């Protein structure tokens, strides 16, 4: 099916402009004018920002055709009201989310997804161990997997919580491993790289992201750690004579990569490679989360607001 | 291969008796007599108890033929020394553990394993749901699985830490479920029973128990929760059209049955059935652990010694 | 004193109906019309739901005669305003809460209280031990105790947080004990049943529930665990020759039934009966809390909202 | 019954001395001489120290007449063996603990018990509130209570873990309260003093201390917090018209004096008086525990050994 | 520079009064009248309370001259609007905070700061140890330090969170130490007093309090514990031959005075003096925090609202 | 003073060899031969291993001249006894530890200390920021500091717990920073490098290591975090116009480098550079600790023994 294309992004709409475009409905409210007549007050969005919308005509019938969370095609015009832009809706049709590219509507990585992927594939080709190399190839030749892997976010909140975030985070881990894998003696670099590339694959099934980023049923009930092991099992089953002992230490890297039971790993890291992966994953997640948080807020302020999960203010310093 | 049979158990050996039997070597020490000559001082055992052993002849050569942890066949005689029995070894040959039935040497359930199994199978036949019923049948018709499931312990320490303990614990859970499944409305009894029967299957690969109960590599690196999900995946793959949504809630019961992340569950129980399984599992584990601990100690004492894991003394009351 | 009777429940009031009935005032606000004249905006309720009320006349004097939290008798009429019903108050009189049956106004068990009580008494009669049997009789023959025990909630929030909830929870525990007491050898079933029936008696003085469910001073300062032991002491003092050793293990069941110090038990369970009671109490509290939470929310949704105390979403599954 | 008197304390026994005195048996072992003959090796003690003992004659019969933990009367003589004193036992008779004053055998306060008591009574007379004053008098006029209260330890280990320790700790708290009660406005000094004097009374039943300091059954099953409230209830019941509201805040001080649930208080301190009592109790317990620990060890060392409960080394400084 | 003086405090302003005075701007909002004209709606305050303000003229230019948080001088008149006073602004000028005495605008101790200081200095003169005495003098003769020490708050929230609070808290600690320092033998009273007086000095640089109480950059990045040690180092460097061993135990009192690592002390108290300081500091902080919380709320209520940090309700009792 | 030199290391001593060398006395015991004569049984060591020693002559006088922990010069001969080497002591003289190079006796880095230092200095020269560059030079030109910094261990146990360990760990951190500092945008590489080089300088005063590695008084009372800030303050005071804002964020890196209060940091990392330092420090400490632990144990075993601090077994894999 051909995807519908977004043309005018919210942050480029001007007063007076005629609009025929796709939006996601974030809010919908049936409201009443002073004369008692109803109208629909809408919160519309795409990945570039938010805009209010109003529909004056045929309100009650229209109200039944869509709900908040839907993608809709709107024909109408932009107007200024009390100093803010709003869309005056002439026509509104609900769309099938399968026809939409969510990357136009959800927060998305700022980096080129295909470039990131090809760099990751290139790194994966440096793996010498025959079995691990075969395994990585099997994943990267699996088109359904690669499609999800390129689009999935790495989180709902916190770090890399945007489309393409999983790939961005995974590439970052792979590059960090390349940079320091030779720093310590006795590290199995092939194992470390393979574990680093595959540690979060369960997230492609942990999250749904058609209209907003959320957990799937499987994500909430099984956790991406367990899902990742299951995916690894299935892929290994397609490879001849994949050694059981390698499979176990590789699965251990997925199982233990959250570091402690408190954070969802059934077992803590017990191999040198698993320990390294854990700290590099933490480093990348936290640096990225804090940097994103710093950038999201008042660029003038020396301090961020209070971060509820990390339980502190962060210092951006003074210009 | 035909298994070697144990004939004289340690707790039935008398002074003066000629012995030709199998023992497990718990300790081995090269010691010296007053005249400087070496001898081997052995700690021997079977499931009924311990007995010391000594070998006076050809000591240095003999010493190289076996290590602590081995099964050995000993010919010799029982004698009393300083008020205790000991075996004077005339001949000692190391045995292949594969020829030995570990139930003669390791602590073992006092209940009839086959009776327990057939009762569990019978309960599993009350499951009405076609898919769950097929799944349970697939497990119980898998001879390799059933053999392990009948022998495996449920733990290394704490509760049901003996051969057959996994089956005993599983049957107990199934019976508790039968007793109270109708107590609450809205419980899916088929799901609860199936989850109850399968919640600990990963333990058949988490533990090794040829010469003593210990964790396997996979057990320590992956945890029986993850192993159990993998086993379930493999078995489900053999069944036609097993519904994905049932598979997820069933796997969730394995994933969450330790109740919190602190105890190794990547996700806590999020369905009513998973919540019930968690509490019944805890109830059975703790009551059994405490009762075993109470029985192991001085039957006259009102209080047990301090239990280091449960961090308290237990009260047995007064006769 | 004769109790005033509730006649028209909120969920059965229709526009245009004349009303003369009792309500509890949840909110009261002095507001102003466009012309500057004051009026009283009220939030009224009974156990069936909420309705808004307005009083236009003699507002300032009326305002001084009652506060939020009071029971009031209202004469007036129901009218529709902006799509919602409201009561237009003609007369409003504050009532003495002692004349009111709180079960008409607070959330209340859906089950028949007297039937539950008689079933519990019947179970209590299966106790063979003479002393324990006398003790249970002494409680059930104490009319003041029984009245409170039939009405008290089991909690302010969470599980069984409604009038009659304490009895409902206690009966559930007693039935669970009956169902599984013979499952384990070595359990003193009489002790377990008695402890199960009495474990939460302190809650009759921990909560007040005349106009809303809240803690009493004693409840917040002493905890129902301590209050329960005090109640047991007083009742035991009325029985001849109640053995001290039985009294201690019975009081221990009250003292330890929250399982750990973290949850308010000065000592954790140290007898088999106390351990069993703890897990059955947890099982019943959690299953009931989660089921109530599941039922309270959007019946279409597969997932509940986030549960702040249990810190997770719960899965109700799909139809 | 007349108590038997201790005459020669262990730390004053010299080689060659004839002994006829009472000892507590800390250890007893049936050992064998080189010639195979048995003898009894004893560990004997009184509050001043330890001495070894040996019995050569009639060993097997003698062995059956007493166990470790018993008080015994020994006739014999002191002799030096391998540089250490030992008692050579000629006659040994088990004694009834009821005839013994445990203060001769267990660690005991170095301060005058009667003086401490009379100072505490004197402080209790400064309480102006009629009801609280009556209550304190009722306790101090209760001879059985006072006898226990003068002898009981305040702990098994840690602070004031010696006979008379409870009184010593209580007096210290009362003096601290006197010193700072006027420091803060709005404190009910009578309530604070009464709560301070009574906060640990449950310890007279929590510990047994006839032959060594240990927990009683009630102590381990109910905790001195609950026992203390029960004792208070019984004493209050003997006083006319003791106001319920005073009883609750006073019981709250017992209930909450461990400060948090983690340390066994079902509720944390919720009144100013309970908060003050908690910190003064902590101050006295910790200062005393650490000072005792400092004094027990090598007086030359700048640092104590590692304190396992308080998890640190303590610094005594350099002379 | 001469400080500008506050004359009319908010709680003494009457309708109709002409105003020419200093206020702190808590809130500022550009709003619109029905006719579309803009006006400024202000929240103004001094330490006695809050008052609304409105500016009708020259709004857009005026709006650019100040922000929320500024001190401003306002000329205008007080008028009543919808039952509340408001200031109608005729002229508004932003002021330099350096010219303002923050004690007129921020919550401030109710006690006489100079009296408190002189009492503290007097106590400090009782210190006999030559080095400690010199050190205290050096601090009290340091005018810049004393100025800050007299004004600084002891906290942003919780206890003594007002100007002068640091001095008030420090004096309270010094008095408590005087009251009980002789209670225990073996305490170095000079050390305890000096540590008590200096334990919180780091707070003079941890907080800023020109327009509101907040953390400084150094406060958030270094913590007053570390800042306090740095200040002590600098002051000690000005004293001849200050003994290193005294410096260490004194710095240890600052380092450890939060009691545990959880609360920010890099090491827990390891000397008797540090232990005592910790508990007295806790006592003073908690009693003061709870008393302040009790006084802030409805004086009629028996219970305070829920205290989010201390996680409980507090009981004020009934009149 | 000239240092005495170690010549024969323990692991190179052969039976029959004459010895005149320095040892550290790990254990000393006065024992008795069968004939009742005393002798001294010694545990002697240098960094290469342990050897037993015996002294037969003039035992009681000799015994008074030294204690365990002393360095001694021993003349004597090596002999074999029951299959183990021992030194038969002819002469033994206590030595002044100041004359000894502890690196001959304590576990010591296997790497070249001077090479490591010069590499670290070289890295420090890449810092561009004038102030930070001056600061690093000031440290590396301070001979007393450099001497300690080259010898100090990084820990008493766990990671880099050997002489030279602090330098080895610091160099490793600096190299890791070089490898990944450009990986993230927005990182102040100069600040990160300087903080990385200086983060643990406090350890040169936290540990003593003349005869064994232990904490100093200052180490235990102040913690190396506080000591490090003090050292930084002193060095910054020697530099003209060192900017206060740089000083604060640099000190913050020392203050926060343990990551959380639980591990001794008064404040957690609040800048990107502090966050990165924390994770790299953790990575280096844990990888090194685990690798050392793996190497210390049976090289055949697939698993290490249980690690008490990290609370797990580690998997070394199979050859």
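Points worth noting:
Think of it as A, B, C, D, E and F in the order they're written, each chain with its own count starting at 1.
As a convention for this text, a residue touches a chain if its C-beta (ideal position, glycine included) is under 8 Å from a C-beta of that chain, and two chains touch if they have at least 3 such contacts.
These numbers come from a predicted model, not from an experiment.
Counted as hops between touching chains, the shortest connection from subunit A to subunit E is 1. Shared contact partners of subunit A and subunit D, listed by label: B, C, E, F.
Any chain that touches subunit A and also touches subunit F is listed here: B, E. Taking the mean of C-alpha positions as each chain's centre, the chain lying farthest from the centre of subunit F is C. If you average the Cα atoms of subunit B and of subunit C, the two centres end up 46 Å apart. Chain geometry summary: the mean Cα position of subunit C and that of subunit F are 64 Å apart. Counting partner chains per residue, subunit B has residues 217, 220-221, 245, 249, 252, 270-271, 313, 315 touching two or more of them. This structure has the following touching chain pairs: A-B, A-C, A-E, A-F, B-C, B-D, B-F, C-D, C-E, D-E, D-F, E-F. Put simply, subunit D touches subunit C in their complex at residues 217-218, 220-223, 225-226, 229-230, 233, 245, 248-249, 251-252, 255-256, 261-267, 270-271.
Across the complex, subunit E is touched by residues 82, 302-303, 313, 315 of subunit A. Remark: subunit F residues 172, 175-176, 179-180, 183-184, 186, 245, 249, 252, 268, 270-272, 275-276, 279-280, 282-283, 286-287, 290-291, 294, 311-315, 317-318 touch subunit A in the complex. Taken together, the subunit C residues at the contact with subunit E in this complex read 217, 220-221.
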